[in-house]
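One chain, chain A, links the two complexes that follow: it is found with chain B in the first and with chain C in the second.
Our next item is the complex of A and B:
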């Protein structure tokens, strides 16, 4: 599949927001750029046939994450912005650029986007879940079937991670309450 | 990128992977270079979503449907990377929450979020 106008503009929007979030000096502006970035990328998930991920990203990435950042900003300080953008340090750009070049060198060996014979899409495991998910779990959505039935214990582990993150955040913030 | 047709073909058939690489670069730059701790967390999140884009692109099938299996439907995108990334998004938010809680604590203890000032205070 070749690059459509919708995908091209979404990718450009997302990359611009990411650069904005990285370089804007005002932390609040940076958080806002990141929220726009999350929203853009959740639309990209929809275009890439992943509506479940898109919904989660829009609710959690653009919603809850932004609230968390805003709460953190409200409880700390935003540095005085004497200029709109931070100055770019070229030494770090060179370092990151080398990393990007090395990563980009591996791209030609990846399968083309949307290739039905690519190992992930055409692989045996994917076919197994698509064929058996409804018969074995009575759930039409294969993502839900895998998440809640086949990998149920993994999702329980995920709940444990969220719980412990909540406990840690509370104990870090209210240390004096427990002392 | 040269004008030779093979390279152009690579760009039009693998554009998402190049976006992944750029997002990883932007995230890494913010993580290393930003003096503000909150912006470092934003950089970490950009790095993460770059990796998510890699997985979701691998699951994409041109002309396919989202993996909601119905009689006679299909072909479908692969559901497995979607599940992995759903888990990863939630874990990423937990990570962000803990990091921001630590940042608020650091601010109430030291009164600054600037990396160099903090380093100076730490070594005093």
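Our next item is the complex of A and C:
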């Protein structure tokens, strides 16, 4: 597997941000590192030609989540950090390292990016969607066709989950949110 | 950031207010573009809804959270959320009323030739309404306690 310079530097950036978000002691700095991580991931999605996912990651992960984290942070009192980084517990590092190793062990069995013989590309379902999406749903974006037409019922479920989560959060906390 | 600074965190700035006033209509247009054009390009209701919700956050950033909350009518936000669900369910059940399956858009074809496309776009718009209003609601919910912790720490 070969990485272009852009992909390599993006991956390094994302990795640094992730480690920074985990290790930085100041919560504000941690939230900022997390936002930068989300932004890096969304650019990686774009590079990997998944703009729909990239757009979601940029809007939700880097945008709204950061704002909500910052608001939550403004509502709490955080002690002033005496050092830049959290103290590292080696047992945790060993556990996380082992988990990363297990995950990394599955990487070689994944098909290469853009491999035309990958099972998901040659699969019957994928080919059906790609061939029939425009004829049957009149939309060019196959992702939207699957989301709103072929899997419309699932999407209704997702939308209702978002709706009821919002309603529940607003009613459980019983705050006068709006004047 | 020390505790006694927090309650007055909002700073009125002409630059930010002017910038937001100019940029906000474009961001809202972009959000609607993402929602509508999700049928033919990357995007859709979920992404566009979040961007539309961020317009309100931008206004709160420029004009203060409390004044934005007073300016925004709660009925509009509630109507957006429940209206989105109703539009989605209505389109889905409409096809069943015409004898098809749930969300089988081509049942509308006898009435309108682009029925599938516009059905999908209406569904995306409904999703956008839900997501935008829930994002706005969560934002104000978290911001409602703004400064409370700091005030309690002083006691």
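In this section, the second predicted complex is superposed on the first by the 171 of 179 C-alpha atoms of A that agree within 3 Å, B and C clash if a C-alpha of one lies under 4 Å from a C-alpha of the other, contacts with A are read in each partner's own complex, and residues count from 1 in each chain.
The rule is simple: a contact is a pair of C-beta atoms (placed from the backbone, for glycine too) under 8 Å apart; a residue touches a chain by one contact, two chains touch by 3 or more.
The structure presented is a predicted model; accordingly, all values stated were derived computationally and were not measured.
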Looking at the combined model built on chain A, do chain B and chain C fit side by side or clash?
-> fit
Looking at the overlay, what does A:13 touch: chain B (first), chain C (second), both, or neither?
-> neither
Where does A:99 make contact in the superposed view: on chain B (first), on chain C (second), on both, or on neither?
-> first
Scan A:173 for contacts with chain B and chain C and give back first, second, both or neither.
-> both
Identify the partner contact of A:149: answer first if only chain B is touched, second if only chain C is, both if each is, neither if none is.
-> second
Partner chain in contact with A:85 - chain B first, chain C second, else both or neither = neither
In the superposed arrangement, does A:75 touch chain B (first), chain C (second), both or neither?
-> both
Given the touch rule stated above, what does A:21 touch, chain B (first), chain C (second), both, or neither?
-> first
May I ask you to decide whether A:138 touches chain B, chain C, both, or neither, giving the answer as first, second, both or neither?
-> second
Looking at the overlay, what does A:114 touch: chain B (first), chain C (second), both, or neither?
-> first
How far apart, in Å, are the nearest Cα atoms of chain B and chain C after the overlay?
-> 6
Residues of chain A that lie at the interface with chain B and also at the interface with chain C = 51-52, 56, 60, 64, 68, 71-72, 75-77, 140-141, 143, 145, 147, 155, 162, 165-166, 169-170, 173, 175
Would you tell me which residues of chain A are touching chain B in their complex?
-> 1-3, 7-8, 11, 14-15, 18-19, 21-22, 27, 30-31, 34, 37-38, 41, 44-45, 48-53, 56-57, 60-61, 64-65, 68-69, 71-73, 75-77, 79, 86, 89, 92-93, 95-97, 99-100, 103-104, 107-108, 110-116, 118, 120-121, 123, 125-126, 129-130, 133-134, 140-143, 145-147, 151, 154-155, 158, 161-162, 164-166, 168-170, 172-173, 175
Where on chain C does chain A make contact in their complex?
-> 1, 3, 6, 9, 34, 38-47, 50-51, 53-54, 57, 66, 69-70, 72, 74, 77, 81-82, 84-85, 88-89, 92, 102-103, 105-106, 114, 116-117, 120, 123-124, 126-127, 130-131, 133-135, 137-150, 153
Residue set of chain B touching chain A in the complex reads 10, 12-30, 32-36, 38-39, 41-43, 45-46, 49, 52-53, 56-70, 74-83, 85-87, 89-91, 93-98, 100-105, 107-108, 112-114
Residue ranges of chain A touching chain C (in the complex, touch as defined) | 28, 51-52, 54-56, 59-60, 63-64, 67-68, 71-72, 74-77, 136-141, 143-145, 147-149, 152-153, 155-156, 159-160, 162-163, 165-167, 169-170, 173, 175-179
